[in-house]
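One structure is given below, encoded as structure tokens.
A, B, C, D and E are the chain letters, set down in written order, and residue numbers restart from 1 in every chain.
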């Protein structure tokens, strides 16, 4: 399985990954339950879920390729298109919107030149408007990688994005909420 | 009888035939054009000679050519003799009836007008045959035309034809009765059956006309209405053209006829119309008489009449010429190509009407010539021409009435036709005869 | 047996019956899209929402409601009407206005239910969502995802029936779109069924596409003749031309399905190689003349060389009636004639077999002919025929429908061969007399499928050309041979057959019904008098 | 069985029909006189066929097939017109156009004008506004029956005959008006 | 506030409480050994007695739910599964994330106890896809507990086996619905399944499955440890215990609070949650996650925080306890459009009304927001919401419909002020009380 989407590279698992898949599959009574974990693995490995990748996943899990594509198309976090290196997922659901999410999004949009897929031409950023990320009390917020950036202001966004532009790695995955949660402040 | 008399009679026969036969095509054209105008159509307007359509008159020519050229289809099962003879009868009858109709007052040639001839004053009656039977001759002959139709219907060996023939004979016989009775009324009031005498009696004021004074108004009017209705039925014209009911029996008695045989039927219908109109005019509308001008008066004042007519004719004809000239701006002439031959038409018409104006001028010149004593035209000849012209005008008017009625009224149903004939017209006609008798007694007894 | 109430009508149904079927038994039609009697319940179209009067709570979908005692539903309340109207509205919100070009028009559930339950004015002021149109996804299927109402019938069909799972609903929300994995195509041989089960025009039959608007077609029930399964079909025809076959529901045979080979076999009715005229030694002569010539030859052979010189091969592709009439005709005229039955597939049979519907035996009536042969008792098999041909004693061989020469392979040919068949083949090429046999969809009669189920054929279109039903040809031959007593009508022949073949005892053609009837596995010892259903003379 | 619908009772005078007959004669006489005198105005009588009447916008003339901007017919061969046609004069053969987003198109579309009764149902039934009878063509003739079967190629090329009435046209294009024609006070439609 | 209880949040303030060593010092995993000594039925009974209601949103009594699991002899040999619903996606709710992040052992202990109570050998924690970081922490906690022998085979030598796995979703709100969650767990699209059969009878992999919320699991730990009676000391009669509330929106101190059920809502908002920004007035409150009906300030003032009071006062629900507070700067039309965009984006696309209806409602609301709608659209909107509500497979349809219905009903002016008034639609058409001057109910087609 080779594909242009992967620069002609062969789309396949390594031995180690196969073993891991087997371990995951063993947790469930049916092998196809490993679908989501394997899709996650594939996305981490290949960056996004191209058709060859989906075929590989389907073969691994033991379902028709159409099923893998159907599942992948159902979930928003599984990427069906290539993304930039930093995916800026800005929540714009009610609580965040009440606290100015649109302003943050507009600010980010004004900073870069995003195409219709939300990618910057240099492949560094992808801007996504996402629905509620369960950080309503600390909105507006955005998720990059597994990290929650909360209580955003344009200045804070500038700072964060400047860090990414200079090649700063993603911070340790965690929410920031600890620092300000009112009733936890002793 | 000498050769001159034979020549005169032959000339009169020729005139009678020509009178009818030359009006027929004009009437055919007229019917087409008038009906078109009644219905807001343009009427015949395609045939042309060098771009001149003459208002559709050319179509009549083309019709003649067409009917001569067409194949004469003869049904195999037709009864040959009847079938052959049938079309001739109505035509012959139509022409025959015209023989007793006067078309002018007597034409007198004074003695020695042309050298030695005539030896004495020669009075030529202006009708082919001056017979005592007069109107009776017409009644007798016109009832013969039903034979033509019956024979055509029977001889065609076609059920539609047969039905048409039957209908026609029943209808004609029915209405002949009423017609005869209304004519009887006129016999009573005129006291004669001779048409020339009837014509003479109507000279002068229009109140001498048959429908007015001599008949005590009401009698003559009723007689006229019955007579006219019967004439419509006799000629198989709408609203009484049931013998040809297209919706039911195709074309009736002449379904199987084509080519000139059909044309004979066709022309016979128009011939009958002319004869019918002529008789109507003769009986009721003063015959050839010019209103308010007795033949003697006319002859005495022929100069003035000619001058007046000529002078009146010039502006009238020039007006028509002007109209024709104006017509060149019709949308029609703007629509056709500039090099279309029909573009010449306005000029043609202007020419025609100008010629007519010139002819009027000529008439005036003739009158003036007589006035100054040059006598370019004999007074008797002038009177003859004026009388014939008057008759023509009156006949054409009634022909128009034929057409007018045809394109106005719907066709009767057969039972309605019979009802009208037998239960309405015959009783009324009989009553009218009684009325006429009373009137005549009153007139003879008290007013004489 | 639970008793349920539908609109107040009590009806007793089998346990496990859902309420759509229960209502159907009560004579109430509950509209539905996603429910299909032969597919698992999905319950996503929501069209079958009904009011539950007793035994449940609130409005619920009838397809997922199993009949149980005390359950009472109503389908005639205002609430139900309102629900149906709203569901119709939702279904049509993003449905394209494709009816003019859509082949489903006329048999579309959306149209049908809209006329009945729709609200007939649109409240949509926004743009419709569009999806991919006209995708060529299979040899027989065109997919128009824009027309899809996401009922998932086809998904379940490919999962549960063909087990190939090519079709899936991708994405979510109102962007849900039916499709196959990009770059793949349908691979199974039941694609036509997808077009059948699709309640709208999303999946249409490529073969039927734009051929005819469905409302011009009239359907005649018949049976497919392409293999021994004998799928029940509706023959859709107009003015004597057949446009398609559709499977007719018969739970005992084909459920609601049929294979593509059978589905496309309607084309054979008007195929180039149809035998349309009778042919004798002097060329085309008319059926009666050829039958007379054949009869003369039969007479001559029997007279000159003995009864054994005349042979008949029964046809596994001809109806029970044709076989029986032929057998009776020959046995009556030439009592000693030799009769054979050669099983096997003809070269023109399609080469595909599965365990769903397509049977390995591609002849529609093998079982029936076997039973007739069994009853006759003196019918030889292929080996016997081979032997008879080899010794040359068989001088005149009558062949019914099957391509016997091809089935036998290399064999010494008989001196004279007569072929009664529908399509030209090697046997008809070699035959001296060829008689046109009407195709199964053109005749009245019956086939016996591999289960032993006798299924009725009814003529959908007039027989092509000069061709005639087998029993008519047989009767003609019998007449030419001097036997006048044999019946020529299908009902009469079947009556005769049922009276003489034990397995058919008690059956009648008219009594077969829409689902057919099984033959007796173990023939009753006593003959059961069949009802005489022949029309009065 | 037909049923006689009783009309109003006629008076004795009416039974003679004299007044009615005279009324009729008066009307026809009026027409004659007017047409003779107005002949050069030429609008009550049109010199057909050299001058043709401009039909009103809704006149149902010969059919035409409307086209899309790309020149293809709008018709999608849905057979609605053929279905509704009471004279059954429309024959359509459907086909698939692989390059066209509309997919279905009529390979052949024929109207047998000898059968057509000009009811206009086809126009009403068409869901795509593909067929119209607005050509204003009323001269539908031919030398053979075949000539009178209008096919797709013919009907596609017809244009809408939505010509303005002469007075409308002259109002907008005074240069076309006949000499002496008064654009401001037209007297054209008199007599209609 | 002084009255803040600390049952579930007792270890939250302790640094590094997610470490098992730290947690155990403060009482974690202390309940398990005692629970293992009880019979499974006893634990179920304790939970039943405590009156604990599911904290996921529906508020169904947990013990009752456990009771639905068929006894072993009726399971056809199928295992029982416990699934912990950590797919916290309801807008406005973020309590589970805190709970798992701050004190994973609290609910892990509850999971093991519950699994033991219902007889499950395997428990799955289904986390939403965005909670990758939470999953890591939970995985660590599971590993630590496994090392201590609290999870795995033969727990604490009791012979009980409970395996706990985490399973990461991938971004789908609907996977918070229990049957959709199970579908997702099975590796399919996360689409809800038809009920019946209910998951407790036929759930994941067609085996009996109990799905419980994270907070419920944590509460189970406390209840089993302290007894049902102790738990009932908190809260009200029908809504016993404490509840984690996540407060967001226009309050000064948003965050997660544990409260004793039954405290006045207005006090909670104004005091505990810090109150509104200075100078602002309360406009509306969504008390239990975005899908529940909205409350007006008046209703807030009358309500106490428990399942019954909220419903009685306002027809709304406590739901998952995600309280969204809006002050008078809020544009409700925009807010509702925002919510509907969320629902239109998250509908699973399975059943018709929700699949087509949510998108349609969003499109209408978008127009309302942009001022391109008429009041007829509002009636349509209301009607659509009614048509979706409770006509769908799962509760999602109602979740999307309830905000529309309640926002239109309680704040009609906000919407009527944004649309073009045609006069065809009145307040009654959108389900609202007509204000004094407005005539009750317009009549439109949309409303019918």
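Going forward, a contact is a pair of C-beta atoms (placed from the backbone, for glycine too) under 8 Å apart; a residue touches a chain by one contact, two chains touch by 3 or more.
Please read all numbers here as calculations on a predicted model, not as lab measurements.
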* Structure fact -> Neighbours of subunit C that also touch subunit A are E
* Any idea which chain sits dead centre by C-alpha averages? -> D
* Structure fact -> Highest contact count belongs to the pair A-E
* **Chain at maximum distance from subunit E, centres defined as averaged CA atoms** => B
* In whole angstrom, how far does the Cα centroid of subunit A sit from the Cα centroid of subunit D? -> 67
* To do: Would you mind pulling out the distance in Å between where the CA atoms of subunit C average out and where those of subunit E do?
  => 55
* Whole-Å gap separating subunit B and subunit C, where each centre is the average of the chain's CA atoms -> 85
* Any idea how many Å lie between the Cα centroids of subunit C and subunit D? -> 51
* To do: Mind pulling the residue numbers of subunit E that touch at least two other chains?
  => 172, 189, 345-346, 348
* Asked: Mind pulling the subunit A residues that touch 2 or more other chains?
  -> 63, 67, 70, 74
* Structure fact -> So the touching chain pairs work out to A-C, A-E, B-D, C-D, C-E
* Asked: Along subunit A, where are the residues that touch subunit E in the complex?
  -> 27-30, 32-37, 39-40, 61, 63, 67, 70-71, 74-78, 89, 92-95, 97-99, 130-139, 143, 146-148, 173-175, 177, 181-184, 186
* **Complex contacts: residues of subunit B adjacent to subunit D** => 34, 36-42, 45, 323, 326-327, 329-332, 334-336, 404-405, 407-409
* For the subunit C and subunit D complex, residues of the former touching the latter -> 97, 99-101, 105, 133-134, 209-211, 213, 215-216
* Interfacial residue positions of subunit C with respect to subunit A in the complex -> 164-172, 179-184
* Structure fact -> Contacts from subunit E onto subunit C in the complex sit at residues 172, 174, 189, 194, 196, 344-353, 355-360, 363-364, 367, 373, 377, 380, 383-384, 387, 390-393, 445-446
